[in-house]
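Okay, got some structures for you below.
Common to both upcoming complexes is chain A, partnered first by chain B, then by chain C.
Let's look at the complex of A and B:
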């Protein structure tokens, strides 16, 4: 389950049929004010109901919030150690190991 | 409770499926999902055969099995011990493959016979840490093997050789 997405409309421009919005995820490490502002044209929004409007803003914001999540820097203290080639748990004690979130589906090819 | 952990890894030419489970686990596959044509047992023991037929193979750890003839069948595996099996799967059942374990210390797939000149060869590390041309392989590492090149192998592990015909 991923956290909710927050959005904040910063400005509205009916003349040019667009608005500016900030997005971030609910558990973002910074205030939404610190995130980039995006222009959204009315043509990308659904004004048929309030729910439809919010859903159409969500559909723009979800990929932005996901990219923010992926772009977050790695804290110096969370940087992983070199690969550990061992089946002895003692070799892992006190070390940070980085593994992919999902199980890999690709075989590892080695050039010989 | 009998359990089994399964996973699958692939490359464009083939895939492998791995089953790691407990004694008495029963695994059944129908032809729609069965693409395994060779099998290697890391450890354990179990009976494998076509469903409702009396003939069966006993898979044992450390051995390689040719199961090409079962690829279009309903099959069942019944573990007699805790087990760890690796299957080599074709991506296309009409594609012909040969497979075996590598036992030679110098592998050379060069052939001067025209009809087999264009075969493709792959090695896969099944167990241990064998060293090929100075490179240490880990389990599930694979490499394409080319003709007119010699591959020196230190047998500190188990390697399968598969030829796409």
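Let's look at the complex of A and C:
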């Protein structure tokens, strides 16, 4: 389950048919005020109902919030040690190992 | 030339030659050189008030010949009257009829400013133009090499801005690249002043660089399989770059064109205002955002590049300068700090 996306309209400019909005995900590590402001043209929004309007703002913001997630810095404390080439658990104790979120190899079958 | 320094007797005719006669056609009354005298004019000019004939000349009370040693005619260049303007030169304005006021009002503006104190009074908005960082809103222009001093006095209503750069346009849907942002330009351009040793700016208003526009965001297009049907090409366009702050205001870049199927069109970048740069233009789905205009402070050097996705983001425009000078050091600045970077040994235009 992915967290909700938050948005906050910062300004509205009917003359230029634009508004400025900040986005972040609900569990962002910082206040939404600290995130960048984006200009959105009215032409990208659906004013047919409030739900449609919010959904159209969401559709603009989802890739922005995703990018924020990907751009988040790695804490110094979370930086991993060098790769460990060992099957001895003792070699892993106290070390931080970084692995891809997705599986990269087929697991070997283990007979119980 | 200014009146000689002390060391030998000073005659009334020397005072008259510098400041003009103030009693009949050729007479001199020392008392009338005090700014409290009813015959004294141009003591309140633009944002400047209670101006003496020259620094150190008494305004009231006793006045004597020795008060005039080393004194010089003060001439005010008018950038306080009229409305907002762009791209002006102080030396050009000096040469225009009605472009100056002589403090005291007992003589007319000399053709040459050699030995004179020139005060450029700005108390209105002056903007620049885009076309390069070196384009300045207010240039000092060309002066006689022996001009005693050139001082720029900016009143509280004086605002000198470099022009804001436009944002770059977003990239097209088929992984098109964003276009580059435009450079901002500069506020004050101080040319070479020959032997003049005094160069001062008293800033009670605002001196601000023009900031660069952000680059356009890259477009994004890709074929995606949709069930048993064949693949479809979905294309989103990049957002426009935000414009830079300054006057004239920069305009935000347009989004790219060429949206296809489930892709979406990006948004335009935000327009700039005199004092704030425009925001990033949001990209279409998975496409790049346009970079924001240069952040208004003294450390930023350019706007933000557009985001690269399928297509490359455009490069942001560089910021202009609050002050460009051809000299090796900046003029003395008092009052409010300038907003934006500065540069010496340059070639302001």
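Throughout what follows, the second predicted complex is superposed on the first by the 104 of 112 C-alpha atoms of A that agree within 3 Å, B and C clash if a C-alpha of one lies under 4 Å from a C-alpha of the other, contacts with A are read in each partner's own complex, and residues count from 1 in each chain.
Note that in this section a contact is a pair of C-beta atoms (placed from the backbone, for glycine too) under 8 Å apart; a residue touches a chain by one contact, two chains touch by 3 or more.
Every value quoted in this text rests on a predicted model; they were computed, and no experiment measured them.
Residue contacts after overlaying the shared chain place A:1 against neither chain B nor chain C.
More chain A residues lie in contact with C than with the other chain of the pair chain B and chain C.
Within the superposed three-chain model, A:63 lies in touch with chain C and out of touch with chain B [touch as defined at top]. Using the contact criterion defined above for the overlaid structures, shared-chain residue A:93 touches neither chain B nor chain C, since it reaches no partner. Of the two partner chains, chain B is the only one that A:108 touches; chain C does not reach it.
When the two complexes are overlaid on their common chain A, residue A:74 makes contact with neither chain B nor chain C.
Under the contact criterion defined above, no residue of chain A touches both chain B in one complex and chain C in the other. Contact residues of chain A toward chain C in the complex are 16, 18, 20-21, 36-41, 43-44, 59-60, 63-64, 67. Within the complex, the chain C residues that touch chain A are 239-240, 242, 252, 255, 264-271, 278-283, 285-286, 289, 292, 307. Residues of chain B that touch chain A in their complex: 7-11, 15-16, 124, 132-133, 135, 137-138, 140-145, 151. Chain A makes touch with chain B in their complex at residues 85, 103-112.
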